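What follows is chain A paired twice: with chain B in the first complex and chain C in the second.
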Partner chain A sequence: MTKKYRKITSVQLFFILVGAIIGMGVTSLPADVVSISKQDGWISVLIGGIYPLYIVLVGGIIIKRRPDSNIMDLSKAYFGKIIGNIFNIFFMLTFLFYIVLVISGSSNQLRAYSVYFIPHFKLVMIFAAVSCYASIKGLKVLSRLTTITFFLLCVIILTSSVSFKSGSILNVKPFFGAGIPKILEGSLKTNFAYAAMELLLIIYPYVQDKKNILKASLFSALVVIFFHTWIVYVSIYFSGPDLILKQLWPFSFVAESFKIPVINNFRFMEMVIWIAMAYKTMSIEFYAATKIFNNITKIKRKTSCFLLLPIIYIFPLFLENEVIRRDFGGKVIPWITIFNITYITIIALLTLLIDKKRLRHIQKKGENL
Partner chain B sequence: MKIETIDSKVSTIINALGSSTPIKVKKISIGKDPSIQGAIIYIDGLVDKNIINRDILNPLMIQITSSIELNMDTSSFLCSNYITADCSFIKGNTEEVSKNIKNGNTLLLIENIEDYVMIDTTGGAIRQVSDPMNETSLRGSRDGFVENLEVNISLLRRHIKDSNLCIEKLVVGRRSQTDLALVYIKDLVNIEALDELKERINAVDVDSVTGMGAFQEFIDENPYSPFPMCFATERPDRVTPNIMEGKIAIILNGSPFVLTTPSIFIEFFHTVEDYNERTILANFIRMLRYIAVLLVITLPSIYLTLIKYNGELIPIEFVVPVVQSRIGISLSPFMEILILEILMEILREGGLRLPSKIASTLSIVGGIIIGNAAVQSNMVSPTTLLVIGITVVASFAVPTVDMSISIRFLRFPMLFLANSMGIMGIATGYILLILHLSALENYGIPYMEFNMDELKDTFVRAPLWKMNARPKIISDRNVNRQTNFMSKLRRKKND
Partner chain C sequence: MKRYSILILSISCIFIYLIFNSSGGNLPIEKIDICSGLSFDLIASTPVNEYNVSASVYTFPKKDEVSSVILEAIGKNIPETRSTRSTISSKEFLLGLQKVLIIGEAVATYGINPIVDIMFSNQQTNDSTWVVVCKDKAIDMLKFKVGDATSSSDHIDGLIESSIEQNFMSTEYKVMDMYVRVGSEGRSLVVPYLEILDNKIILTGMVAFKKDKMVAKIPMEEARYMNLLRENKVKGILTLQKDSLHLISTYGVSNRKVHCEKINGKYKFTIDIDFNGTVVTNTMYKDFMINPYTVEKYCHELEEQTKERFNEFINNMQNKYKVDCLELGRDAAATFGRNPETDWDNIVCNSDIKVNVVVKVNNLGRGQFLFEKK
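Right after this comes the complex of A and B.
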């Protein structure tokens, strides 16, 4: 492989970040937020977008100061090898946790919608195996995959706009009717949907044009916020807050309203696209997890893919019930978010405080260790 | 000068050529009073005897009326004054001499003179340049490559008169000694790709290279991938634009196919017509082609999924006809589709090599009788037959033979996946396909990658006057191929 093509471009970074965040889980996002902030759920999602924006902006400081070393190296350099690695292990666990939730969630939704004949453990096995295969292929291949899936996502978003003819504006009115406290409370529910923006801090050294990293990631955060808001808005507009609460995956309901004469309804195509989305999200998150594992243990990334494979195969098996899965996720995700925010903020602050000269010294020492 | 009789010189050359090859040796006397002894050596069938008679024998034996002085310059004197054909001199190296003779040149030996005089008498029967049989086009040029290396190079040279055009000759095959030429434009080609290609060609260590397909496999970077990694064509008007994009053309002597490499996935779906038609119409046809590709890969699997697992997704108007047509069918849907698919492939394979007179029998027996009987004997349902029929017809829309086979092959794994996992199988199949395609690389150039500024000639084609830049993905040297000249022609707003 020539040197030129080993790194990803900033446009590909954009696709990867959008791909890492938006997965099959967005179909259930409306149900999560509407349960608290009712018809103003879309405003909650808009506010929840502060999380990825914060990560990008704080990450911007790190990227600007230390463009060549990722967050794992920095944490080892600042806290020493042992404490730094403990943080890194937690950081890796967050990604593994995301994958476990995504795999089990995708399997649950698929079994409800189309592949009822495949048992949970088989679906999990297929998901785990394919995402392991994909992440072995590396970042460059994943970037090409996400480029394609991004446009598939756009197809779904576009077709959902067809529902505008059958919905009603009364469903989203009155604006701010739920009250500001409820809206803010609802925005906390969006944490999981916005998760995985932290991926930026792992992969930024592999981007060719360093100048555009911040621009691309900011843009990806905005696109994600737009897509999420749109998805929730359309769902509320189409079904109304009362009907949404009775569904597990409200957005799929919207997409199904799109009828094409021969293909009957859009469900088949929609399902194919959502499965592709699910695969892509898992693969990227698994890539991130193995990347951190590789950084901690120095085991080859390909080998670490196989070492971590049992985790993403075994744990989703316990989350066969969708309601239990959401309950479990709802309990753990806030802690993960808090950890991520603290971890990234501390690293950014330290990058700001420690002057470059000393840092280089620490860095070297860390590398030698 | 070295005293050596003509007989010993002839035997040296015969030894170098291999004593068991039939070689023509004709001894001649050059000049008169006293004449000097010479000989010409050639291989029958490779030379044009008219040239030998007219341009070598006639002047040397008849037109020289005086005596010829024997010294260092004799051979060049003869060449510049008497021999009218093209000459070159070789000193000492009998290896090179024998190689030249095997390529159809004639050797002139003169007693006591060390130089070997090679006279270009290449001839023999060569197929005429004609319309390529397997790649017809409505509006492209009518010349196709032939089996001769020199003719093929000349065909390309007629299209590209750039002074940077570089033609590099190599030889592959220990015993077959097949000639090979790399054609590229020096200041456009991707140097890293060129170096790697040369390295791979030089590493080829085989007895013989039988054809382009075999050679392609020897230099292939991903030999286990079902997708073609080099673009093979018979049409000079397809090779020329590729060379202009910075790719390298490989011409192998004896093969009417010319390879261009490094190739990218999407170019296998483009045709000459795409560039000779009006933009909008060309794009319409291109879109049809992509739809056909998707149909070939997925239509049987979608049909299988619908009737086997997800009956609720069949459009309500279709449910009754589909169900009715399946009453009393003995085979399971999967077996039914698989058997028909394999039958279609057998029909196609059979029809490919049959003489045209028997081929019509095949199409009647295969297409009409078997199709009809299969339905009437309740082996397959008419709907399945329709689906398979559409798939087969759609597979003809893939323009390149190599890619057509790959695409047709893909529907079998897809069918197996759909049978075991339904929709999930189709989606998994596509994801694995995309992953495989994204992971392929050809001499360091990604096989499938879509960059924003290079979408102008992939799924759709931008107007030709808008394609100002060469695709950077192949080579990033001298990217501008045209200026934005249309803007000069645009009318001013106030006019």
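Right after this comes the complex of A and C.
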């Protein structure tokens, strides 16, 4: 009974994966991409979607072969306890790094747009406390949180389409005008926006209907790619490639384009929604980090939440300046992405190879008997 | 467990209150200077030019009564005027509900980049504020008392907002449009030009900017044709007149399309203007109601006349103003690729611009009073 209660459905898996990837950071995604691939930034984002799709497809091999164990167990089984745990620690650090970036980024954006009277450390305190609290509650609660926020995200995406009236297609033209090499170079900038798909490999044993895992995660990757492309396209369509570069959060500028009679400015409505989105992203990533920590040290997950809390409170305090945060993130994130891709690819390859060996081993045993 | 949770909840409530109770609380409206308009002036002096940035703010002297005062501030740069302004005001200054930015002609010719930048980085400002350029000193216009309006900025707000009905004016004279146009490739800023004449604030024309500097003042008669060439879906009247007793006017909506070609490295632009409208008055042709051929003949005559005016304007633009006020560079950049170093003003002024006009009359109103059956 209790075990079944803990499990999530494949639909909830879809919501969790979308929620883990799309956070408040997407508002700055257009600026990152357009700085290299100009008006074709949205094509870069479309190409950058290969990263989550690759993770899902490679993860699919692992899920099919080993449906009941997660990636941490597998790496311990393949590399031995010490080397496997070192890899797991790195894997945990990537998630902690994402949370640090997300918390400081959300705080920076909120202080720039709406709550400029609250100092950085207080906002970080709230974010850290909420993400800790939500991740203590476990996967089931997180799945409900992400279900609600997914529909809030849809509200933002739908309302942004109103700006089609005030923008112009001329801002996006000419298609492929920046040149294919620039577009490909720009797609590398989307790594951070597409990060956290690796979460699938941690939580897949907790899904009830194993058959639909791959379908749900593939679908979530496609939805994420669509949302990201839409966000970048609308931003370029609305403000043009020249103005996007001058802003820190270009997608928030789109919200200024329309007035609602009673509410003078849609900006604050959108900010309220983005806060909920930020909470959810942090909570899921913190859940993933504590889950790995729990796997390495065998300390209860609830306790490990409190043990890791100082990390996600102290480190964001150093990233109070948005320029420093982007510089720091830009230097570290390529390495994290390379590590994640190689780690998951190696585990998947080993799953393919070692299974055969075991089969032989079992057959030999059978012959002996 | 339940007892504990109540205890934790109440303690955390107190804790959160103590942490976040740092702000001074809410201020009553009487203690805030709500800004309704800003004016920018340049005072030429050595060694650095000084800015005069004044704000018109609402005051609430009695119950249900609103009036306005001007807070004048002079400084070496725009941020310094904020400090100066606070030394003369007794209340907290609130930016965000302002309706209009009045830019003096001197600032506009000197360059509006400092204004654009300070508005752009300020998160509190309202992006749907109108931008206008005024003759002489902007502060005089801000101080100007107009009839029953609370302040002149309220009056200008209404003036620009309602101007879309005539003269082919568009609504794109906001701060947000200023951000989009100044500094974007192939685009140019055009804003209304206001003057005080006969004790009235009058919209006498448009001004065109090259990057962030004002380069041309275009009188209203010419600006009508510029707007028609520049904007899509704008309203106004076109008149065909022989003398003061024989004329036909049509009020309608325009539709603009631009094609761009590149022949031997030279650009060639074709602007197609469709004008659909209602005949407002007709004192020229007597058989307008029964004879479709006369209507066609009229349309053709109007097309020819409008084309002539367009060519006059384009000629002026290419030789006198020397700036791309029709945003043709934008279409060319969208077709042939972007390159921030291209000087579209120069290219457009040396290129071949052709205008095609199609006039369609789809309504004659209630009828024609001077109708005569032959």
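Simple rule for what comes next: the second predicted complex is superposed on the first by the 352 of 369 C-alpha atoms of A that agree within 3 Å, B and C clash if a C-alpha of one lies under 4 Å from a C-alpha of the other, contacts with A are read in each partner's own complex, and residues count from 1 in each chain.
Heads up, the rule we're going with is that contacts are C-beta pairs under 8 Å (C-beta built on N, C-alpha and C of every residue); 3 or more make two chains touch, one makes a residue touch a chain.
Remember, predicted model here, so these are calculated numbers, not experimental data.
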Touching partner for A:300 - first (chain B), second (chain C), both, neither: neither
Partner chain in contact with A:64 - chain B first, chain C second, else both or neither: neither
Partner chain in contact with A:268 - chain B first, chain C second, else both or neither: first
Partner chain(s) touched by A:134 [first = chain B, second = chain C, both, neither]: first
Touching partner for A:240 - first (chain B), second (chain C), both, neither: second
Which superposed partner A:118 touches (first chain B, second chain C, both, neither): both
Interface residues of chain A shared between complexes with chain B and chain C: 114, 117-118, 264-265
Contact set on chain A toward chain B in their complex: 1-2, 4-5, 9, 11, 110, 114-115, 117-118, 123, 126, 130, 133-134, 137, 140-141, 144-145, 147-148, 261-265, 267-268, 271-272, 275-276, 279-280
Footprint of chain A on chain C - complex, ascending: 19-20, 22-23, 120, 123, 126-128, 176, 179-180, 183-185, 187, 330-331, 334-338, 340
Chain A residues within the chain C interface of the complex: 38-39, 112-114, 116-119, 122, 125, 169-171, 173-174, 177-178, 239-243, 246, 256-257, 259, 264-265
Chain B - residues contacting chain A, complex: 192, 302, 306, 309-310, 313-316, 421-424, 426-428, 430-432, 434-435, 438-439, 441, 444-446, 448-452, 476
